[in-house]
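Take a look at the following structure, please.
Note that the chains are named A, B, C and D in the order they appear, and that numbering of residues resets to 1 at the start of each chain.
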Amino acid sequence: MADSPEEIWASNVDAVLIASSTNTHADLLSGAIQAGKAIYCEKPVDLDINRVKAVVQQAQQTNQPILVGFSRRFDSNHLGIREALRNGEIGKWEMMHITARDPKPPALSYIKISGGQYRDQTIHFFDMLRWLAGEDPIEVYAAGEALVDPAIGEAGDVDTSMLILKFVSGALCHINCSRRADYGYDERVELFGSKGMAVSRRKPRREVTLYKGNAVVSDGLHPGWFERMEPTFYQALDALIRTIEGEKVEYPTLMDGLKAQMIAEAAVESLRTNQPVKITYWSPE
Amino acid sequence: MADSPEEIWASNVDAVLIASSTNTHADLLSGAIQAGKAIYCEKPVDLDINRVKAVVQQAQQTNQPILVGFSRRFDSNHLGIREALRNGEIGKWEMMHITARDPKPPALSYIKISGGQYRDQTIHFFDMLRWLAGEDPIEVYAAGEALVDPAIGEAGDVDTSMLILKFVSGALCHINCSRRADYGYDERVELFGSKGMAVSRRKPRREVTLYKGNAVVSDGLHPGWFERMEPTFYQALDALIRTIEGEKVEYPTLMDGLKAQMIAEAAVESLRTNQPVKITYWSPE
Amino acid sequence: MADSPEEIWASNVDAVLIASSTNTHADLLSGAIQAGKAIYCEKPVDLDINRVKAVVQQAQQTNQPILVGFSRRFDSNHLGIREALRNGEIGKWEMMHITARDPKPPALSYIKISGGQYRDQTIHFFDMLRWLAGEDPIEVYAAGEALVDPAIGEAGDVDTSMLILKFVSGALCHINCSRRADYGYDERVELFGSKGMAVSRRKPRREVTLYKGNAVVSDGLHPGWFERMEPTFYQALDALIRTIEGEKVEYPTLMDGLKAQMIAEAAVESLRTNQPVKITYWSPE
Amino acid sequence: MADSPEEIWASNVDAVLIASSTNTHADLLSGAIQAGKAIYCEKPVDLDINRVKAVVQQAQQTNQPILVGFSRRFDSNHLGIREALRNGEIGKWEMMHITARDPKPPALSYIKISGGQYRDQTIHFFDMLRWLAGEDPIEVYAAGEALVDPAIGEAGDVDTSMLILKFVSGALCHINCSRRADYGYDERVELFGSKGMAVSRRKPRREVTLYKGNAVVSDGLHPGWFERMEPTFYQALDALIRTIEGEKVEYPTLMDGLKAQMIAEAAVESLRTNQPVKITYWSPE
């Protein structure tokens, strides 16, 4: 056990896992990068996009693996539809639909420092859409309201949103996000293309069904994102470890973290102005 | 409108539909056959198998179409799994499972004259298994109880049964029958073979689902066999009419009616003796 | 059989069904209204919204039933989710998602005179969202592309669209429309609310499933909108007839037709300008 | 690492896991029981039922936990339907249906020493039906054939079976077993009762669906029983450990192992004679 990050940088551990509060990520990343450690860093890198750019710039000089915690990329259902697209099963993709609904909102105290729904919740899906599509969106239009809890609105945030993102190819992506689903953690993706459609379906807790009266009642969804996504954390850690061991493995990088945040920034602007906003990307020198 | 069957036999109608009480079927069939009418006759032909044989024998001299009301042969789901078998999709069939459950039993007064569960309810599925398999079972073992209503037991009948039927090929068929399903009319078939399995799934009333709390609640089954099977009656009538018009159409014949009843007789004997019983078939001269 | 509309107006028929080409609807409606006939008129009333207003204005003086052909209102699955909302099952609605994809586009010659995707295809769903929500949208943002066929784009139309509509309550509605789905006619609706979610699921042709290799293959969707929606036409006609007979029945009216078109006009403008557009409604004097 | 069982008995380990070949189980159990170890023993205890009785008799003097490897009792889907019955959701159970199909048969060399399909494969489901029903069957009728591989028949065994088991209450249980399912490891249970039906559905590998052409193709079943049942092994080990730690936990005991085998013996006899056979149970003194 170390008393400070510096002890860890000086030690001979191969990798570090950064899962502390968001405002500590950038400094810890910087230290770990300088120390040459492999890194697993929970999202976001930082709420201030300039700090993120700084870390990305710093990481340019190094080549240790840095994995940002977009673990949904390791979900077997989502991997399944990505394969279907890559294998040509659905042809050229034309429309993507992502549903992302948490069972309940975070505490108001957290919401106030979270950066808002798009930087905190939807950011996972800005990453997911890039990973699925294999291309970066160029424009976003966001509509959002505080329907779940007016206090969220008073805090300057929204809890119910719909977004449309455009791509160079003309393809369109829709994301809907809610901070409250009465029926559990709801995540579902449809990828529609010229030759078919692939769906990452809602995953039930169990495959148990009761036939009673005039209804057919099945087990519902998971009570939270962790229960639904638990295996992805093991898969993500495994990806980092296998990379350290020399295997060529796909994983979400710092640049992926930055791009997701740049989309989030444009979405925040779109919500503010009720206008579609072009997404500008930045690359390190 | 006619005052008597004889008026109908003498008239110039092309076809008659016999849907009167069972004990009138054999005589009406006999008259209609003699009159050269095409016939749709509700099952069963008669509860006395010798009377059925007599009608079959009589029909040997004629060639007008006589369709016995096993309308499930026209159900699109059941047709679908039959196609899968005929197309070689599932290879050689090895096991068949038929579930047949009514929402509630008929009136006790009807049960007492019905001939019992196997001659009245299961007989549809003795026909269905022959139609699906394309071969006749050679032996049957039946287990049955009066679990729904002791009065049914006191009347000498059963309301909950399981049967196993054997075939020359070695293939096995299981039927389960109940006179009461709390959740609606339940009919489902699985055809398992050397290359796969085809399922005629439970058909819901609608495709409506509610996600609420920790459950996923979908519309249930139909409230009765008629609601579930309504289109099959139109298809069956249509098959008769198209046959009259000269088209070559498959439909359940008097001989199919007789064979289903011979299986029923063996099943009744098996239940009585708690022994497997060989099924003997009879052909007209 | 009549040789002209005038003969029909002068006859003693109670009702007329207008299913001729769109450019004849307004005149025929006008004549039928004047003649006091009950009317079933296929959508749209007219591509020129001013003509529609004129007919609506004219109908103000009368009270015969005039049903506009938005027959999806009679689909049992859609009715099911509307009931769930009206019964309070899902609480206050917050997000609605409508998927509407035709198997293939209409002929280019038709597309050129159709008024475009929003006036021709999406208009059914502008009506559906009003009928489901029980309120009128106040703003719409549309994104659309010609991804299926460049010729459609050259003709000034789109074939792949996503729209977001806003409501006074803050609720949001998303519609996605495509003129081509490789896998059949695809129509699906999700109604998400404060207490749950109701889904009008994709309806399969049959309930037949094949287990083979490492896949589970079920029958797919219907080959076209008519096969999927056939029963709704009978239900719609039945609604008109029952209304004529004095029963109080819900059905889509001329005003519903007009409102759907006003939403379509705003959507067309939004697509043209890539701006959200406020929807203004008009009422007759 | 120990060189012999005796070293293990003499050591201070709290528990042993016996997963060696079947013919070693009885001796190892005896030694472990004598040594006072807690035990996890893979099924079966022994193919010779008298040896099983001897071990059960010996274990009567002791009270350490002895868990027999019927790990399906820990499957969350099966637990779900057992809860539904225990909670009164489906009323009094009347019919149970168990489907159990392996992707492919074991090696012929194994089959020859396995004791046959009922002692080797179906035995898991003899245990499962007791665990679900909460009562012991009193009679069994078995029908079986070698349809998958004639060599299995030549070895005196069967690979395709249907069984009906009767209970004092009148309830009926059907099991179907196959040594070969083209489409993966297939395990499914239906519990039908006076107030409804609970189903432990087929569990797919993933929740991924492809809509293409006229079909809807979903991921299929698991490639083997281990992949399907993996979590149950952890749950079963966990049950033993928690018992050792003093918690009151349900698990399958030696007596459960014996009873399953007694049912298997009666099933073997029934197959041999083509007669229903009463199941006699034995209790240790």
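Note that in this section a residue touches a chain if its C-beta (ideal position, glycine included) is under 8 Å from a C-beta of that chain, and two chains touch if they have at least 3 such contacts.
Quantities reported herein were computed from a predicted structural model and do not represent experimental measurements.
Chemist: Count how many hops through touching chains it takes, at the least, to reach chain D starting from chain A.
Modeler: 1
Chemist: Please report the smallest number of touch steps linking chain B to chain D.
Modeler: Steps on the shortest route: 1.
Chemist: Since chain B and chain C share one sequence, what rotation angle in degrees maps the C-alpha trace of one onto the other, as a multiple of 5?
Modeler: Rounded to 5 degrees, the superposing rotation is 180 degrees.
Chemist: From the centre of chain C, which chain's CA centre is farthest?
Modeler: D
Chemist: At the place where copies chain A and chain B touch, is the share of residue numbers found on both sides over half (same) or under half (different)?
Modeler: Counting which numbers both chains contribute, over half are shared, so the two copies meet through the same residues.
Chemist: Count the touching C-beta pairs: is A-C or C-D ahead?
Modeler: A-C
Chemist: Rounded to the nearest whole Å, what is the centre-to-centre distance of chain B and chain C, using the mean of the C-alpha atoms as each centre?
Modeler: 43
Chemist: CA centre of chain C versus CA centre of chain D: separation in Å?
Modeler: Computed from C-alpha means, the inter-chain centre distance equals 56 Å.
Chemist: How many angstrom lie between the centres of chain A and chain C, each centre taken as the mean Cα position?
Modeler: The separation of the two C-alpha centroids amounts to 36 Å.
Chemist: Would you give the residues of chain B that are in contact with at least 2 other chains, written as numbers and ranges?
Modeler: Residues 181-183, 186, 195-197, 204-205, 211-213, 219 of chain B each touch two or more of the other chains.
Chemist: Where on chain D is chain C touching in the complex?
Modeler: Residues 181-184, 186, 204-205, 211-221, 223 of chain D touch chain C in their complex.
Chemist: Per the contact definition, I'd like the list of chain A residues that touch chain C in the complex.
Modeler: 91-92, 94-95, 97, 99, 101, 141, 143, 145-148, 160-162, 164, 166, 170-172, 174, 176, 178, 180-183, 186, 192, 194-197, 274-276
Chemist: Would you mind writing out the residues of chain A in touch with chain D in their complex?
Modeler: 76-77, 80-81, 84, 89-90, 195-213, 219
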